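Here come two complexes built around subunit A, the first alongside subunit B, the second alongside subunit C.
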Partner chain A sequence: MTKNPLLFPLLLLAVVSAFFLDVAFGSVSLGAREVWQGLFGGGDPTALSNVILREFRLPRAVAALVAGAGLGVAGFLLQTQFRSPLAGPAELGVSSGAGLGVAALLLAEPLLPPALLDALGPWPLAAASALGAGAAMLLVLAIAARVWDSASLLLAGLMIASACGAAIGLMQYFTDAARLKVYSLWGFGGLGGVTWPQNAVMAACVGVGLVAALALSRPLYATLLGDSAAAALGVRVRAFRVTVLLIASLLAGAITAFCGPIAFVGLAVPHLARALVRRSDPRVLQPACMLVGAALLLLCDAISHAPGPGGEGGALPLNAITSLFGAPAVLYFLLRRSGRSS
Partner chain B sequence: MTGVPLFARGLSVGHGGASLFPSFDLAFHSGELVCLLGRNGAGKTTLLKTLAGLMPPLRGSVFFGENPISDLSGRERAQRAALSLADPGLPPYLLGRELVGLGRTPHAPWFASARETDDAVASRILKELECEHLADRPLGRMSDGERQRLGLARALAQDAPILLLDEPLSHLDPPAKAKMLGFLRDWARSVSGRVVVAAVHEVDLALCFADRCLLLSSGASPFFGTPEEAALGPLRTAFPGWPEYWDALGVRKGRIRVEGSGTVDAAGG
Partner chain C sequence: MLSVAILAQPVAAPLSNAGPRHARAVEWARSGDTVRLSVITPWKGARKPLEYVLLPGAPGAKRAEGEVRLPARRIVCLAAVHVGFLAALGEAGRVIAVDAGRHVYDAGVRARVADRSVMEVGSGTGLDIERLLVVKPDLVLANAVGASENASLDRLRRAGIPVLVTAEWMESDPLARAEWVRLIGMLVGKSARADSLFATVEASYRARAAEARGQKSRPTVLLGAPFRDQWFVAGGRSFMARLLRDAGAEYPWAADTTVGGVPLGFEAVLARARDADVWLHPSDWHALREGLKRDARFSSFTAFKRGDVYDHDARRRPDGADDYWESGAVRPDRVLADLVSILHGQGDSLFYYRRLPK
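Right after this comes the complex of A and B.
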């Protein structure tokens, strides 16, 4: 067990608090009572505060909850399978692959029957993004079979990201202004635009991914020992690795489809979780990644909407906040690692 | 071949189609400690990996008891044979207890959360190997020898009757090496059906402790026999420069003798 029996209750409390904070902050600040009434009933359902909560704040907060938990576990899966502490969905070019999928769908949309698109709702977006993420992931896997140090792997991820960026740029050239704007807004990343139907699709995909990741905890744990040792313990390493990366693609792809690329959360969360839990067992660490990821993204989103000096709620870009936390964290891990090896 | 926990028939091993030795038969008996000897690159690790089922043999087959290992699933293989490799490149943040508990993997259902059982088995084995103090230390803060002991503990936690060890002694101090081989010999004898195959470079200790030695030299047929038989000649074929090595150590005819079924001049005539 973890050393501290209170750790998981405390993490859960952190998630709940961050959720309330995220719901309360915005262009109109809501008091604790209004938030409570909006969430648990009571008060006037047509009151402005209730409408704001239902239509804007809650979808955003639910998206942060789901995306944070999913990105945390996706980062953990990537870090274990590539045996690199600096792997994350954004760093390995997986988010860019998802972006390429989204851009391709936007480009192809005029060619598809509108009735079909209406009937499918948010699913095509999730599918295109997850497919793009999966393709990028398999490319990274093919490269990783040839280069074995994590620095080269990250460079490869960077190259994949650039190539995807170039392809997206070419596609945009052939797109009309309205679609270009949709894509550009998506590219900034953020949780404000996630609607309830999109939330449902994202939660379904992330739910499946998280359950699968938890179910595979045991062999996942064994792969920490390296390929040969894991095989000697009865794990079919190659098939297992592809399975795990497909799960990570589903998680990262579905989240990126609706929230856009979110920087650093997938990278930093596994390290934070490990520092808190002090065990490597995925049966403990993965739930911790979910809770830490959800709390962190909710907190970052709350900060991005926090009331400024004038009392007005701001709307800072979410990625500016996550990068503010994430970039120093990555530098810290880099320095600590090179300090150990020298 | 009942009562033989591990044997191979017409075995040919190697990488990429190139066979390291002419094909051979091997039968390991219940209760024996076999030391696998040979120069660097002779094929010790390749043979161990093939016996464990991690590499397919080029020709022939390996049997655990009556089952050819090609008929067993990875999990079933791991329940019958535990392999500990020399340099697995373990993550530095893994705790000693966690590493040993991972040996339970082939016994635990994929989905269940049996952390308490893992920890209980890990504690018992760490105690047997006198490594309790390493339980809560991360691997990154251990010496090579300590990590090596835990690697063996991990293999023991697998609770498989066949134990295949690649250089389990290399980082231990000399008395600890002897103690470890003694432990492995006793482990093999204590329960019927057990066998230990350990690749070692400590030829002197192998001659003292092993029930039989398996000598590999590339291109030649492996020699499999008692330490006394090995010392009589095959050792010198397997290791060119062996007489010079014993000369350098000051070992002369009659000064060091290998005690066995008969007394044999180790340095030869």
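Right after this comes the complex of A and C.
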């Protein structure tokens, strides 16, 4: 399948190792035995180490796993559909659209019956965010129908992002301080606040999105050959493109709902995956994006929670770490690309 | 009984001639009619003090930099704490403008904001200089969190309006913060009243602290709440750590040497304070139910499970103005009395504090 038959086993190993690394280290240092008991049962369930593992580290690691895999594939779908190596959920204004959805929901919450909100749990947040993401995506698509060069498209994404930012700013101006704070916390992005019920909703949405994306691998491959070639192979190009972008919205929206905007993962992972796989076949590339995305986000999260020199550590902002990895990676691929084309 | 005893205590000789006894962020010395005032640490990391000269009488034709003419009759308060100091002296009537009415707790000033006899002029880059120039205040009282915020007040200074940047918030001792009322007293020509008020507060604070020292138990206290999974814990040399020590509490980070906040992971805080007896100042939520909604893991704390969670929101208006930050700055004795009651008594008859409802 790939040039290196060991690639997928190695990627899987990387994900598993990063998961254990993320769970094993945090601002409190725990022994190997305590980590083992926390993961696989045993010991007193109310013991501090068990509480820390089950209520803090495991939900965070699961969120990193799910969000990393989902963002990697969302970025891949965007890059193929917009034929731009610089497309990603954040770059096309999709994350900002999700933010607008979240801000609108937070603003509307006092008007909705509390009993209804309690009953729906984390679903309204996921729905609002995915709707916002979808709306932004369709807007980009509408613009893309007129301009097909990737520079203009990115500029359009930037404009959508700043329009969403302005709308959020106005909403914040007219809302009270407590709601403002909830939103600004969300805006920082991070995995530490994702609870088990939220993880379940996020995993369900991302699961559906990933399965759908994998199922569409073959027609996705056809569209890589160009619209006319794809049409000749029986793909209804326009409808297919909308479907793919809706899948990407579901992925990016559900993840952004609970983790906030996460920088660079969606943009950088497809490039990393391509460099490893060295093939453009989505049937190979998409699983690679999932694994690379999951491993990368788990690793970034582990670094952001690494214990400080004094032992009692804090939590670095996750986006600082993902940007630290992501920005140079994207720059490297850009430079290599332009070197090849010149 | 206690309050009578305190009021009956003799008030020391005119204090204002002497410099501050508790405050560290300010120094003043009187010679004749003139008071040389130095705000030593106007903000964190300030390189040099802000110097002022307080002189009696109307301003001369040519005003020197940092010159303030006394007594100030028409005062602009750009922070609610200044309203608190003036109100404690019975001089809130001198306030002619505030940054925003919704930041002020004082009922009188709010009523005058509502009938527009007190103006709202904004703050920072949103400060409405033109309106301030029209009303010609004698003095603008402001806080500055850094050099750039202080520089934004330069537009006022250039226009010939005296601006005094106070730094009571930089004090890490409750009595030091309260002692700033003596400076405010000098500014409005009510030094004697301010000195006697402060002496009363000081004696009352010491009496409460002595009461707390006599207690056998030292309940452990957890402070604040996390931003997602990052918890800014008040350092061991902070204002709150000092207040808790005086209230006879055990503070898990008492040995820390930081004045400000220490960023810690949620789990690190849980590891150290899971079994704390009392949880103070979650501040973002005002009922346990709301807290659980924010993060279900709060129920891992013993204090949360028992419902021993308190915040200083008993005197908070729906729009957020909190008297704890206003009159509480001048009355640390009342704050301490609340804490002693929460930690060693029944937690009843609280003034600023409130046990959060389910």
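We adopt the following convention: the second predicted complex is superposed on the first by the 342 of 342 C-alpha atoms of A that agree within 3 Å, B and C clash if a C-alpha of one lies under 4 Å from a C-alpha of the other, contacts with A are read in each partner's own complex, and residues count from 1 in each chain.
Just so we're on the same page, a contact is a pair of C-beta atoms (placed from the backbone, for glycine too) under 8 Å apart; a residue touches a chain by one contact, two chains touch by 3 or more.
In this text the structure is predicted, and so the values were computed from the model without any measurement.
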Which of subunit B and subunit C A:52 touches, first, second, both or neither: second
Which superposed partner A:218 touches (first subunit B, second subunit C, both, neither): first
Subunit B versus subunit C as contact partner of A:192, first or second or both or neither: second
Contacts of A:315 with subunit B and subunit C, given as first, second, both or neither: second
Partner chain in contact with A:205 - subunit B first, subunit C second, else both or neither: neither
Which of subunit B and subunit C A:283 touches, first, second, both or neither: first
Contact set on subunit A toward subunit C in their complex: 26-28, 48, 51-52, 55-57, 60, 176-178, 181, 185, 188, 190, 192-193, 195, 305, 312-315
Subunit B to subunit A touching residues, read off their complex: 49, 52, 54, 73-79, 82-83, 85, 88-95, 98-99, 102-103, 105-106, 108-113, 115-116, 140, 158
In the complex, subunit C residues that touch subunit A: 227-230, 262-268, 270-272, 274, 284, 295-297, 300, 319-320
Complex contacts: residues of subunit A adjacent to subunit B: 1, 83, 215-219, 221-222, 224-226, 228-229, 231-236, 274, 279-281, 283-284, 340
